[in-house]
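Both of the next two complexes hold chain A, though its partner changes from chain B to chain C.
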Partner chain A sequence: MSNDPQSRIIQVDMRGQVCPSTLLVAMDNLNRHGEGLQSGALKLLIITDNREALHTVPATAENMGYAARITKTTSHYEILIGLPDQER
Partner chain B sequence: MVTGSLLLMYLLGLALGATAGFVMHRSDYCVAGMFRDFFLFRKTFLLRALALQLLLTVLLFEAARLAGLLPLFPFPLLAPPSLANIIGGLLFGTGMVLAGGCVVGTLYKLGGGSVLSLVACIGLIFGSGLYAEIHPWWTKVIQATTFQAPTRTIPQFLGISPTLLALAVTAASLPALYKWHRDKLLVRPFPLAGYLQPWKTAVVMALIGLCSYVLVGMPLGITTSYAKMAAMLERLVMPEHLAATMFFQSKPLEVVHPLSRTLLEGWNGPQFDYIWAIQFPVIAGVVLGSWASAMLLREFRPHWRIPPYQFLLTLLGGIILGLSSRMVPGCNVWHLMGGLPIFAISSLLFVAGMIPGAWLGGQIISAILLRQTQAAGTPDEQ
Partner chain C sequence: MPSENLYELTSLAILEGRDSLPEQQLTGETSPLAGLINQLLRENQTLRHDHQRAVEYIRAKINQLLMVIGTVPLRAEELTEEHLIDLDPLGIVAQSFARILEHSRETNRKLALARDEIQAIFQSVGGSLLVLNEKQRIISYNENFRASFCPDQEEIIGKGCHEIICKRDSPPADFCILQKLQATGRGCTMSPWPFADRYLRVVATPIKDNAGAIIQTVLLYVDITELIETRSALSAEKERLATTLESIAEGVIATDTEGRVTMLNRVAEKLTGWEARQAIGKSICEVLQIENQEPLGSCGDFFQDLLQSQIPVERVENTNLTALDGSALSIYLSAAPIRQPDQSVTGAIIVFRDISGEQRIKEELAKAAKLESIGLFAGGIAHDFNNLLTAILGNVSLARAQLSPDHAVFQLLNETEKSSNRAKGLTQQLLTFARGGAPITSLTSSRTLIIDSARFPLSGTNVRLDFAVPDELWPFEVDEGQISQVLQNLVLNASQAMPEGGLLRVAAANLQLDADPGLPLPFGRYLKISVVDQGPGIPAENLDRIFEPFYTTKSTGQGLGLAICYSIIKKHRGLLTVESSPPDGTAFHIYLPASEQQLEVAEITETVEVKSGRILVMDDDEMILSVVRAMLEFSGYEVVEVEDGETAIAVYKKALESGGRFDAVLIDLTIRGGLGGKEAIARLRSLDPGIRAIVSSGYASDPIMSDYRSYGFCGVIPKPYRAQELTATISAAIRGGRETA
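For the complex of A and B:
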């Protein structure tokens, strides 16, 4: 994924929320901010503790043409969604 | 055959529950999610694992029956078929989606650190107690809609051998199983620490169901214990009302286990009886097993800062789950993983209600989640 410092990051904290909040809210944000995400001006950062969402959210984002990167922190997982490298 | 010793029953229930909790947490083997996500997102990956579990259970139960290991067949506590199974199943399907998990799903998620699942469990106990209040009326509905033929299963109804039906179902499933194996549809690349491919959990769950049936005389089931917990709480705050409530005086379990010659007795009330000895250790075990899994992964991090409406949603879902599991009677684990594999008619009716219920729950929860998210406005930017 591109590492453009100019990109703004939209952060959504979904920790502890009822299923399937993480996937639904991720899809909602991918649709609402499609223009910014596709231009590279925006990235979406989903904070979650739902293990299943670590598969479903990146799979959905990748189906829509984005790249997703998962990082584990001491208290949760972060899924960063943005344009894939080759499109920058 | 451990029914001769209460201590052995407690230990067995704990072990089976802990194993189930551990593997379910590792695969996120959420039955409510399997049906919900089929309707919401057309996802079928986990449903395939569930189908594998059910087919394996059909074969294991039938092999055990032929080997003489299941003298109680069909198993005790299995309700006769009635319209109540479908109506209860419909409510159950909706409730499990709103609660974010079925009766076992809420337990493994609770063990994994989900605060909302704790709320759903409280709702389950409350809903089970609430059922006691409508029990006299609901009993009349059950009596009026129970199918009169004295049969519990499809083979009994058709007058054929269960072996024949088990083999026919297996033969009919083989092409699908072969395709899933050939196209690798039962596995998915998922480089997550500690992830267990769900087909493995399906195999473990089928073996756990078999162990339970062979050793204590019935497959996994836990929801009567929620009613008993409600009765225990009611005894503390309003003992007179408890004593006057017909449901809590009733005794659904009274059977001699042919192999141990033990009289298995159990009430819906607050007694520590055989129902408690069979079910409660499984409940405790599932929570402990998933907690151990989460701790080993360093992922046990209960998070309280959740939108308040979700507490209400999961509480309501839990109440509906508790209420409907007594209306059916039985839950998805009991009917789907126990009754369906022996072709119990009441379990088929329960599933026929549960599936549209899960669709309805999916529609409700997605509408609420999206409306609340959009009302909350633009997320944080940095």
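For the complex of A and C:
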């Protein structure tokens, strides 16, 4: 998944949050922005400090036909979700 | 107050999670109310319990769905009861499922399309395809495979490729691509793979599972026979072309359209001085530095014109090529654009040849032609001049013979004869120059010839002559005129080398060659004659070339003198050499075979032994006829004159028939407009095989003069001659005839 400057990035910051589940919030956002994500107009950036989400969020995104890329910073993780390269 | 008590008890029961009030409350006046409360408490507990189950059910279902998606279950703290309803997790998951299903359908559609694509490729690819399972059994093949390898085979699926292609029960131990594939675990190629009378390229590609084990193998067979054959033919053609280019005598350079050199052959390397590896990529004008006034112009112009006009240029001469080392060559040049079959021009080819040598030969031929015409002219003059001299010398010698030596005129006639003899020498030179003919040799006193010849050209110069010529020098058999000319030439050259005067040494010695002296001469007796000057000498680089014709360092020279000398000495089976060490002068050495014969001391020409006989004289020059008649009659002969061959034959035949045979016949070789000496003697000999005939001519170089015997003559006398020489020759001929008769 490339950093396409054409795509708008929607940021969802879930640091310090246990409830509700990061996965469910991520899924909710993926559903809500489904159209934008599928057309390539949008990307979703999930900011979290929940290590578990690093597995569950990308797995779910891939099932839905998206690609996810994880970036680690000193204090948190960023999961960038969008269309896979070959479908753009 | 009982109601207040009931309220507190009920609150406590709710708080403690009990489903009934204490037993004592069910009695008394509050018992109906307590009963109702108990019922409500029980219902409340049931409701709580049901709620709990519903929440757990929802959680479990959410987790189940998450597990289906492939993630992990939620922990309880991740989803509170409150969020359970507010967040609508089931809704979220359901919606996600909708997207997942949609994605899955899309993927299925793409897979179906991809499968169709693969099937189309599988069938239409320009080669035979096989797919093998992990046991290397065929699970799929394309039509091309069946047509190429097993058109009649019904069962293909389930067989091993070795059964169908290699026609054997087990895979071959070597040369099997599957073994290579198993060994490396990577895709591999075998090419060219000989199969029957064809060549194949075989490509094996593994398909692996997630653990990296090979579960299928795709084999591709492509027939590359044509490619291999074309490549081999192309390589042979290239080789042939390269050999041709290397073996032709012309320089060949190819360029691209920008004029950059792409190829040059060995001759081009030699002529331009550029090595191919240096020249390739350079501009043609840098490598081929040519100059030509017309019609090419400068290299750049010429080349641009060639590529623009695309008209070939053929054999342009008078072009100068400057090689890398600065040396200049004369070349001819042809050039043409290189065309592709579609007529597009991809560059140019330039062919050139070194014609410096040819040019030199051309110039020399022109010189030689010029000299030949001068020679013919000189020969003609010499012939007439010899006739005139014959008359002068004959008459002078006759006149002198009628006088006593103390007569006042006798000395004058002697002087006249001397001058005439010098004139005779001059015509000899002229003739040698004209033809350089075969020498007419006679036994000669070497000493006299050397001294007379060396003195002659030095009159009027301040060069001092020093002779070292011993009296006992052996005689030689030479053409006096020619050897005299050689000596005069050498002496003249030597004196010209000393314009300020100096000492010129002429030395001669007898030389017995019987051990190898390093001279290219057979062993035997020789005369060595040396002409040594004190001039500046000849530089070593010129020394090798001075005997070449037309080689000269003098501005007015023809370059012929030494060449003629060399040729004359060669024809006498001798040798002419030169040595020089500047600035100490030059020495020329002549080696000539000495004669075994002894020189007769007395001049035989002064004695007339036979003074009777009938002589037939044939000459077309009336003046010659008259002087010859006078000389012969003076000696006592009877003379009959004829002016041409036909008359001579008629007269000789008539005389023969009447019994009055001629004792000798003197025949002039060249008769203007009539039958000449050569034809006349042939016919006279058929009339009279014993004829005594003497040939005479002013053309001393005519081959008949030096080889007169094989033409049927028994004597020869070159013009001009004196009375004594003539009578001696005639009497020798008659004497020879009488001796053999």
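The definition used in the following text is that the second predicted complex is superposed on the first by the 86 of 88 C-alpha atoms of A that agree within 3 Å, B and C clash if a C-alpha of one lies under 4 Å from a C-alpha of the other, contacts with A are read in each partner's own complex, and residues count from 1 in each chain.
The criterion applied here is as follows: contacts are C-beta pairs under 8 Å (C-beta built on N, C-alpha and C of every residue); 3 or more make two chains touch, one makes a residue touch a chain.
Bear in mind that the values here come from a model prediction, so they are computed numbers and not experimental data.
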First (chain B), second (chain C), both or neither: which does A:Pro20 touch? both
Tell me which partner A:Ser75 touches in the superposition: chain B (first), chain C (second), both or neither. first
Which of the two partners, first being chain B and second being chain C, lies in contact with A:Asn63: first, second, both, or neither? second
In the superposed arrangement, does A:Glu52 touch chain B (first), chain C (second), both or neither? both
Using the superposition on chain A described above, determine whether A:Gly34 touches chain B (first), chain C (second), both, or neither. second
Residue contacts with chain A in the superposition, chain B compared against chain C: B
What part of chain A is shared between its chain B contacts and its chain C contacts? 18-21, 23-24, 28, 52, 55-56
The residues of chain B that touch chain A in their complex are 28, 30, 32-33, 36-37, 40-41, 43, 100-101, 113-116, 188, 190, 192-193, 195, 298-299, 301-307, 310, 313-314, 365-366, 369-370, 373-374, 378-382
Residues of chain C touching chain A in the complex: 66, 69-72, 74, 77-80, 83, 87, 89, 92-93, 95-96, 99-100, 102-103, 106-107
Name, in rising order, each residue of chain A that touches chain B in their complex. 8-13, 15-21, 23-25, 28-29, 49-52, 54-56, 72, 74-76
Within their complex, chain A touches chain C through residues 18-24, 27-28, 30-31, 34, 52, 55-56, 59-60, 63-65
